[in-house]
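First the structure, which I've put down as structure tokens, then a few questions once you've had a look.
Chain lettering (A, B and C) follows the sequence in which the chains are written, and residue indices restart at 1 in each chain.
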Amino acid sequence: MTAPLLTIKNLTVTFPTPKGPVEVVRGISFSLGRERLGIVGESGSGKSMTGRSILKLIRPPGRVTADEMVFDGIDLMGLRERRMRELRGARISMVMQDPKFSLNPVMTVGEQIGEALQTHRPMPRRQLRARVLEMLEAVRINEPERVADLYPHEVSGGMGQRVMIAMMLIPEPDLLIADEPTSALDVSVQAQVLDIIDELVRRNGMGLILISHDLGLVARYCDRILVMNGGAIVEECAARDLDKARHPYTRGLLAAMPRMDEDREELPVLDRTAWAAT
Amino acid sequence: MAFEPSPADSSARMSAGVMAGQAARGVAGIARFVLVVAATFLGLLAITFFIGRVVPIDPVLAVVGDRATAAVYEAARERMGLDRPLLVQFFSYVGDVLTGNLGQSISTGRAVVDDLGRFFPATLEMATVGILIGVALGVPMGVTAARRQGSWADQVIRVLGLLGYSVPAFWLGLVGLAVFYAGLGWVAGPGRIDIFYEGLVEPVTGIYLIDSLMAGEWEVFWNAASHLLLPASILGFFSLAYIARMTRSFMLDQLSQEYVTTARVKGVPERRVIWRHAFYPIRIQLITVIGLSYASLLEGSVMIETVFSWPGIGRYLTVALLNADMNAVLGATLVIGSVFILINKVSDVLYRILDPRARR
Amino acid sequence: MSAVRDWLLDDSPSSRLQASLGRAWRSFSALMRNPLAVAGALIIVVLIVMAVFAPWIAPHSAIGQDLANRLAPPSALHWMGTDELGRDIFSRVVYGSRITLMIVTMVAVISAPIGLLVGAVSGYFGGWTDRVLMGVTDIFLSMPKLILALAFVAALGPGIENAIIAIAITAWPVYARIARAETITFRDSEFIAAVQLQGASSVRVILRHVLPLCASSTIIRVTLDMAGIILTAAGLGFLGLGAQPPLPEWGAMISSGRNFILDQWWVATMPGFAIIAVSLGFCFLGDGLRDVLDPKQRDGR
């Protein structure tokens, strides 16, 4: 087996609060190859914090510590901010949750996508524009010429998220972190957006970390799954072995999922007592 | 001294500005905006008219003297139109103002309009240099404070901001004169220019810095600049305090926006993140803030001009006040008020017109 | 003591009094944890103590002249030196606190209720009432306050009372705006509807239910405005339009020290420090109050 793309050992994220420091991620470890890894967990379980610490974008006063955080042979923990910036976008990128808030309202869509590329590979305007249009097409936007000149408030949510994906993939990174890329979207466009991510990730042979609270979705699009709860990883398994999961929290999540052949009157509520004792 | 726009005013004005801005789109909108401005001017006129009426000094007595007979008194009263109903008097007052008739000043003996035209450029010059200083220092300071929230730089800027609310301008002017003029000799003293240079340059704009440059008189220019430096810096301090505080709070809000994080995720250099992604969207809000601050500097120049014997409209006003020269007082109030209102309304509207989110 | 605290902090208060006292206590202790607010409160307490006990605190008379001792620099005998008539500046500053305190209190007492009433009526009734009242308010808001105050004093004649009236006239519109905004947020709420259903008249609803709810934001605003009021009053005094000599008003004192600023700096400088200290005190306290009572407005200035 080749060296993994990303190795994380004992990652901890701490926030000071009036009542003392709080660990929102508590010493998690995992590694990732050029594969699709899903991270699931309920709201507040520390998924986004995990994603952002890989990019070292936790804002003060938050603090990140890890025994080891190595990306493609580069020690991220010891890396200077300058060098880190060269990695961001170019080699590790992140699709943000809500296009409504994550796109700059006073820059056109085309400018924002172009900036992602221009930052790392300066090129003439003409060529840049061509690449942007090409990328917009790759995320299945119909009239790239027109859309490139729109402001974010002029595009729909689904389109905004595809713009975001275009922006994050245009420098051809090796690792894409997608933090709930579809939770702000209508169910009807969710699958469409995820299919686009899936296709581009496969085509470029990248690694993907897909963060979501939707177990079914993650199971469908990922090879491997991490289940997080309260800042810790409680379960790690291959996606197809999900139904063999042992941890009571995972079982609870599974049980709470609606099924196609539903015959239950009421979905069971997650029973926290089962694992809270552990 | 309502030296800076207080926060509630400015937010109230901003909301009024949003309305005005929305109104300013479309022809009907422009008409409505003009209507709002006109109504505000009429309000100003009503207030000055009212002030003119409640003066305890009898305007008729001032003309005929207090030994006039009852008949002479009545005749004068009639001639001045004071026997007509108040509303009629008000409209004739509005008519007078619109045709530029503001009456005679008893202290200078000239028409108030002419006086105002002569004194206004001096005020404009000082306030403009003041606001330039305020913007040039205040905006970078506000941005720095927001970037390093909680650092010592942030604390210093915060304290400066609060001092802007608590230091009397006239006091700062006096202390400034004592230290920088008398003590250190870095700047020239009160007045606009040394007597020696007076009249050397033909007034064209009335703004000495420009007039002397146009005439190529460098010596006059430097002398005028050295007189201007201290009072303008003091005005600049007050606008700096306000502008830095507002910039800081806008920037703090911006820096917590998701799209700023997006820019960082893309690996955009920090300078560009700050200026292109965080600062750029607020520049229009800042224009409004700067407009408000500029307007209040024009107002605040009353105090500074008194301290620095600066022959501007503020000084004209205070001299008139002490001589109970009501025509001059009301005239100066009208001019300062009008400019104040105009700057306010225009910067309010700019806000909405320039923002791409509101354009379309 | 701790029993009292427990009673105050009880999660399920058994009476209205207990609930409101508890809330007041929580705000108070939050305020006391904010160092700037404590500093501000202390300054204002000192101001009040100075005003109340002026005759005991001031070592000399505020108006007694001592021409042999003119323009003496600060010394052990005269902490802040003496002025052009040999009067002790420190004593005058102490007595001056009475004037300052009176001015800010009077302005607040006059302008806040006017503004509150205009705003509450405007917000409560809406429609044309609202449009007319807010039109007038906005016109006043767009006026330069200092200039208007000057013009009013010019018309009314110099003096403290007229200065107070002039400042109050220019101060109310802000409170009207705030009260209106607050009123609108709860005008259509269930509890107002409930009171109306019980047959309460509009006057009663506004006085008993609407105004109290606008109180806290108005108090914050008034505290923050105090600095501006003090500065305006001092400015009027400086121009000779406010308090008249020999009253030890701080602005007027600076004005009389103006002629000596180059050689006897203390005459004009000392009263200025008093003005700055008191204004800062109100700013600090206002900031702290806002953080405690109205967190959503934070960083708004």
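To be clear about the criterion, a contact is a pair of C-beta atoms (placed from the backbone, for glycine too) under 8 Å apart; a residue touches a chain by one contact, two chains touch by 3 or more.
The shown structure was predicted, so the numbers you read here are calculated from the model rather than taken from an experiment.
Q: Pick one for the touching-chains graph, please: line, ring, star, complete, other.
A: If you draw each chain as a dot and join those that touch, you get an open line.
Q: Looking only at C-beta pairs that count as contacts, which pair of chains has more of them, B-C or A-B?
A: B-C
Q: Using mean C-alpha positions as chain centres, tell me how far chain A is from chain B in Å, no decimals.
A: From the centre of chain A to the centre of chain B is 52 Å.
Q: Using mean C-alpha positions as chain centres, tell me how far chain B is from chain C in Å, no decimals.
A: It comes to 25 Å between the two C-alpha centres.
Q: Hey, which residues of chain B end up touching chain C in the complex?
A: Spelled out, the residues of chain B in touch with chain C are 1-3, 6-9, 11-13, 16, 39-40, 43-44, 47-48, 51-52, 54-56, 161-163, 165-171, 174-175, 177-178, 182, 245-246, 248-249, 252-253, 295-296, 298-300, 302-303, 306-307, 317-318, 320-322, 324, 326, 329-330, 332-333, 336-337, 340-341, 344-345.
Q: Write out the stretch or stretches of chain C touching chain B in their complex.
A: It comes out as residues 135-136, 138-157, 170, 174, 177-178, 221, 224-225, 227-228, 231-232, 234-235, 238-241, 251, 254, 257-258, 261-262, 265, 268-269, 272, 275-276, 279-280, 283-284, 287, 299-301.
Q: If we count contacts the way the header does, which residues on chain B are in touch with chain A in the complex?
A: 257-259, 261-270, 276-277, 280-281, 355-357, 360
Q: Across the complex, what residues on chain A touch chain B?
A: By the definition above, chain A touches chain B via 55, 57, 85-90, 93-94, 96-98, 101-107, 115-116, 119-120, 151, 153-154, 164, 167-168.
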